[in-house]
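Here chain A shows up in two complexes: once beside chain B, once beside chain C.
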Partner chain A sequence: MVDVSQHELVPEHTVLDEEVLEGVLSEYDIDRTDLPKIKRTDPALPDEAEIGDVIKIVRNSRTTDQAVVYRLVVD
Partner chain B sequence: MTETEFDVSDDVTAVVEDTQLPRRLKDRVYRTVEERDGVTVEQADEIAKAVETRYLDTRIDPLDPVGTVSAQSIGEPGTQLTMNTFHYAGVAEIDVTQGLPRLIELVDARKTPDTPTMSIFLEDEYATEREKAHEVVWKIEATKILALGDVSTNVADMRVVISLNEDTLAERMITPEEVAEIIEDHLGVQTVQQGATIEFGPEEPSYRDLLQLVEELRDITFKGIEEVSRVVIRREELDDGEEEFVLYTEGSAFGDVLSIEGVDASRTTCNNIHEIYRNLGVEAARETIIEETNNTLAEQGLDDVNVRHLMLVADIMTNRGEIESIGRHGISGSKQSVLARAAFEVTVNHLLNAAIHGEIDDLDGVTENVIVGKPIKLGTGDVDLRMGSTSR
Partner chain C sequence: MMRNSTPKDIGSINFGLMEPEEYREMSATKIITADTYDDDGFPIDMGLMDPRLGVIDPGLECKTCGKHSGSCNGHFGHIELAAPVIHVGFTKLIRRLLRGTCRECSKLLLTEDEREEFRGDIDRSRKLGRDLNDVTKAAIRQARKKDRCPFCGEVQYDIEHEKPTTYYEVQQVLTSEYSQRIAGAMQGDEEEGIERTTPDELAAKTDIDLTRINEILSGSFRPRESQRKAIEKALNIDLTDEDTNKLMPSDIRDWFENIPDEDIEVLGIDAERSRPEWMILTVLPVPPVTARPSITLDNGQRSEDDLTHKLVDIIRINQRFMENREAGAPQLIIEDLWELLQYHVTTFMDNEISGTPPARHRSGRPLKTLSQRLKGKEGRFRGSLSGKRVNFSARTVISPDPTLSLNEVGVPDRVATEMTQTMNVTERNVTEARRFVSNGPEGHPGANYVRRPDGRRLKVTEKNCEELAEKVDPGWEVNRHLIDGDIVIFNRQPSLHRMSIMAHEVVVMPYKTFRLNTVVCPPYNADFDGDEMNMHALQNEEARAEARVLMRVQEQILSPRFGGNIIGAIQDHISGTYLLTHENPRFNETQALDLLRATRIDELPDPSGIDDEGEPFWTGQDVFSELLPDDLNLEFVGTLGDTVVIEDGQLVEGTIAEDEVGAFDGEIVDTITKVYGNTRARIFINEVSTLAMRTIMHFGFSIGIDDETVPDEAEARIQETIDDAYDQVQELIEAYERNELESLPGRTIDETVEMKIMQTLGRVRENAGDIAEEHFDDDNPAVVMAESGARGGLLNLTQMAGCVGQQAVRGERINRGYEDRTLSHYKPNDLSAEAHGFVENSYTSGLSPREFFFHAMGGREGLVDTAVRTSKSGYLQRRLINALSELEAQYDGTVRDTSDTIVQFEFGEDGTSPVMVSSGDENDIDVDHIADRVLDSEFESAEEREEFLGTKRRPTNLSEHADSRRVSDAPEVTSDD
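Moving on, here comes the complex of A and B:
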């Protein structure tokens, strides 16, 4: 199979640590279920990601330098 | 991240880096300072502060109805889009749906676009040598029998006769034996192959079966990918003055193409957002939606639509981890509120179903509140201000 993460359309996906996640959620004052979702079957997902994990995505943004977004892994 | 490619003093850098500006704007400040020689640190500070104030002022306020603004900002220029579907896009005589039909197709998240196409980039020597590039083309373009030789029917003997063109065979790297084998596999007939001629016929002499065989023969894909009917090679100039070959296709099979040798799997793209989603994931799909909508508008001279509006559309379409269309079957159809759904389309059905299932509307959204005549929860409508009593 092709290494999907090498494609220029695919930003960097990393699993977020629980402690860091707490900080993010309290910063925005939201629950993790309020985050955008990503399917567990998504080809760009790191192998170790499991349902309930939160993925940190660093996009090359068109409007700023880099944009950090989070997605919750769902079934 | 304080290293800059601009020729400005460290003090200026410190002043500018201290602001809340995004990288892009900081760079523009540097460029301006650099262009006007002899800007003092104080002046630079003043410029940076002014830019920062302006930047903070133009940011979206909390409770701003961004969706409505986006809808209007895309809708108004949308009235100027062309309505005729077909037009040759500048690139390589490949027919691509443009204008309004393309925009609708994207927003509706149509399973297959009207004119699927891929832009295939090549790696290393495949990108620089024409022969090598052609090798890839033959692996992608669907080769039908009519491209390989002539087909004739001998009605007297009830035989189909194929005379293959040996030059074409050599060029496309396929042997007459292979062709004969593929025919046998697909049609279930015995073939007689001699040199470049292949003969076969129906088991029982029947005129209908004979014609049927010819029909079926024409549909067989001997080489390449069935979905891709045409590939065009173009030589394109790179930024550094070098040239490379790029392939454009009619029809798409993104997943198959990525794994072909010689294809650069890091730049190759396709205009079918679902294929991108399947092979590269939601984030790539989001990016493609923005790119495609933006290009569609730009193609029609409407590139003054702010990309943020398109980003919002793409964000909403990919919010649930898969591509959803905007409209009855997608976002609008899956809204929580009955009244909001009923207000959109097929009013009676929604109200009837809601009544049957005893649905409750919490009146959280905008549409519902407009219907019942309450203030909407946007802008000042969401802010409760009461006169406070100050205790002395």
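Moving on, here comes the complex of A and C:
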């Protein structure tokens, strides 16, 4: 099987630490359920990601070098 | 009334079921008679038109609230139903609850552990904003699996739902023919190799006494359930029949009444607000008469609303039901009446239920009942709430007026005298206001109404206008006519993008059409073949200010669709600038001034040169350059593939055509908008279009048949290429028939020959076009239009002068019509060009009848295609808009929906507006360097700078129109605002 997470077009997905997450949530003044979602079964997720974790995705962007997106892992 | 009520904030809305007692409490009266009016035309008490239900006739007083028609909203009544009936809107939920709860003790068939799990699931779903239905469905599925109630141990049966409102309990019971079935199975079947079974063997297999077996076989003993199962297993047969037991609404109601509150909470139902038994109606609310007004026809007869008709039916059946029951009618009749009552109540709420014949009017038209009033395009939501007909709007045909600015709209005087703007009279405008009033409603800058400080509205008439004008004082309001400079909103449907609705300034004009500058046709996608447009007059200062700042045409020059300008020169404007600059013609002073007369330029620059006769002249490029900003520098590859060079606002080289000044990404317009601002761009576009019109009038521009006719010699050459191609096609056909043709990879031989013929014939048109083109001069109007990009292309020219070419349907040569041939003129299986829609004539030479027919076939496909495309894309657009309508860009830069869920962390992932960005690679902006330079010049010490940078705020999108968009050299600009 092909591991899509290694593909060059799949951006970097990392599990966010709890303290960093606190900062992100307070920055946007939201609960973690207000974040966009990502399925637990998504092949781009790192193996250690579990339901309830927040994933940080860093994409390369033509206009703003890097675009950062956070997503909540759901089932 | 509206003026005095304060707007209120809605804190929250709760949806739930209504308790029968609540219906009775809010009811103004119980309804018992199906009649509406008595012989004298008065409403009958406790009838469907009871005066306590509200008033519709003007002048009467409401018996409940004392208000008059218009201010009384009406009051509900109620009907006491003789027997409970099921509410059609809840049939699915009723089915679910029947399946998920115990038939004996009504408890939810889930153990405490399972309940805990589903409660957790519901909480999670709520938080994530998911559909709760998925969880409850899963809970019911789990509960249905139970054969016995975990609490009382009662056996549970399957519930069958017969749409729309009947429920059955399905029990598996022993069939009455059990003895025959057993005997039959014991016979065995030789063909299928099933052996005979003797009663002894059966007794041994099933562990049942032999005498019992014999009793069973004789039919004198009914086997018990365990015995039945043993026999079924031994003989591999089914001894059961389904027995259905109908659940009456009253049974269901009793069942639901016993469901404990905490059990339905597991299913996400709030028992406080919605008890399940309330889904079975015992009381029917009767809508107020204001919701079902009766109309008096011309002949004095009253015609009742569909809802009233339906209510009459319900009351009649209800009464019959009661009478029959009291008279002790047989159960069968009662059940029939019950079903009829159910049918009427069902169709009262929804008359489009599948499987139920719709209730009809006497004329055969289906009744429009409650659900039909709400549903669909003309329903309450889409038809009356989201889309309303509004006041202060006008609609008429549009026509062009190139003398207007692109910001303006010509408004017919009769529209201007009908639509008004509210003027709050103060000390400063009181004389003005009096002048409007004294002009009356007919004279143009007049007034139609005034409002006195006490709130009384007076109509201004020809008779009282002079008198009224003297009374007008500060504190009054005057509804004055539209005058030049007022801002209005202008719209053309379909409103597909934001430029379909823009704000214009009024110019009052004679005649009956709205006039607009031709350069605003592209954003509206308008033409003047009978298009109509809508205008809306704005009614408060806030709206007018917003429209002026955000919606004015000049603010919309750049389209967010592609980041370029959508407003610019079109059609003849482009031909005009092309004629002006292409061969750089010379103009004498009078001519040059004439070209520029509609612009701000009233003094010519130094002449471009002196001609042989000693007269000074100005070149087209120099005339054009007068319109450019003085310090504009540009260099790019233009429409004709040449380089366009602008140095210090002077066109040095190149032709001005579509890619330079056209709508849809005209480089010069785009640059001016982005660098010099919208106002400068507006001036430029206005002036380019008037200059172009003057130019085209100077040179004259027309097109006729002779402009597309080629000399005989060229015609002969075209014929020659066509004949050549025919020969090649013939060769291909012959090779195909001799089976010598080699097929292309992945194609059959048939496909290959088709493709090769198509290619050959495709080349013919190209060659014919090339030949025709050689014979056209550069000043041929069709060539000018094609080259400049004003209208049409080389293909149109080719088809007019050379050869129309192959006609196609579905991307293939025309193959339809008769069996093996397209028309009866050809032999069957004729593969020739002629027989499959090749048109060798040109539009000028004229098509032969057969060619014409094939051409019509191809043309038809195009028409059908566009019709299908517009309807498909319209629906797609509607769905997309509905899906995205609640997304909003927030002040912190995120995009969120109404529940504050984040959709994008930064608008578009980069926080930039497409119209504020220049996407070209060549003009890379070094933001850091510019920022440093500004900071260095602004702050003397490093500390000051540090202090400033430390307090930097997050960027907001509060104002998209930063000062940088203003025109820097203000005095140069004479605004037409």
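Note that in this section the second predicted complex is superposed on the first by the 75 of 75 C-alpha atoms of A that agree within 3 Å, B and C clash if a C-alpha of one lies under 4 Å from a C-alpha of the other, contacts with A are read in each partner's own complex, and residues count from 1 in each chain.
Simple rule for what comes next: a contact is a pair of C-beta atoms (placed from the backbone, for glycine too) under 8 Å apart; a residue touches a chain by one contact, two chains touch by 3 or more.
Note that the structure is predicted; figures quoted are calculated from it, not measured.
Student: Pick one for A:34: touches chain B only (first), chain C only (second), both, or neither.
Tutor: So A:34 only meets chain C here.
Student: With both complexes overlaid on chain A, does A:4 touch chain B (first), chain C (second), both or neither?
Tutor: So A:4 only meets chain B here.
Student: One more residue to check, A:59. First (chain B), second (chain C), both or neither?
Tutor: both
Student: Looking at chain A, does chain C or chain B touch more of its residues?
Tutor: B
Student: Could you tell me if A:74 is touching chain B, chain C, both of them or neither one (first, second, both, neither)?
Tutor: Both partners, chain B and chain C.
Student: Would you tell me the residues on chain A in contact with chain B in one complex that are also in contact with chain C in the other?
Tutor: Touching chain B and chain C on chain A: residues 36-37, 59, 63-64, 74.
Student: Applying the document's contact rule, which stretches of chain A touch chain B when the two form their complex?
Tutor: Listed in rising order, the residues of chain A that touch chain B are 1-4, 6-11, 13, 36-39, 42-45, 57, 59, 62-66, 71, 74.
Student: Which chain A residues qualify as touching chain C in the complex?
Tutor: 28, 30-31, 33-37, 59, 61, 63-64, 67-70, 74
Student: Quick check on the complex: what are the chain B residues that touch chain A?
Tutor: Contact set of chain B toward chain A: 22-24, 258-259, 265-267, 269, 276, 278-284, 287-288, 290, 307-308, 311, 315, 318-322.
Student: Mind pulling up the chain C residues that touch chain A in the complex?
Tutor: 127-129, 892, 894, 896, 899-903, 905-906, 909-912, 917
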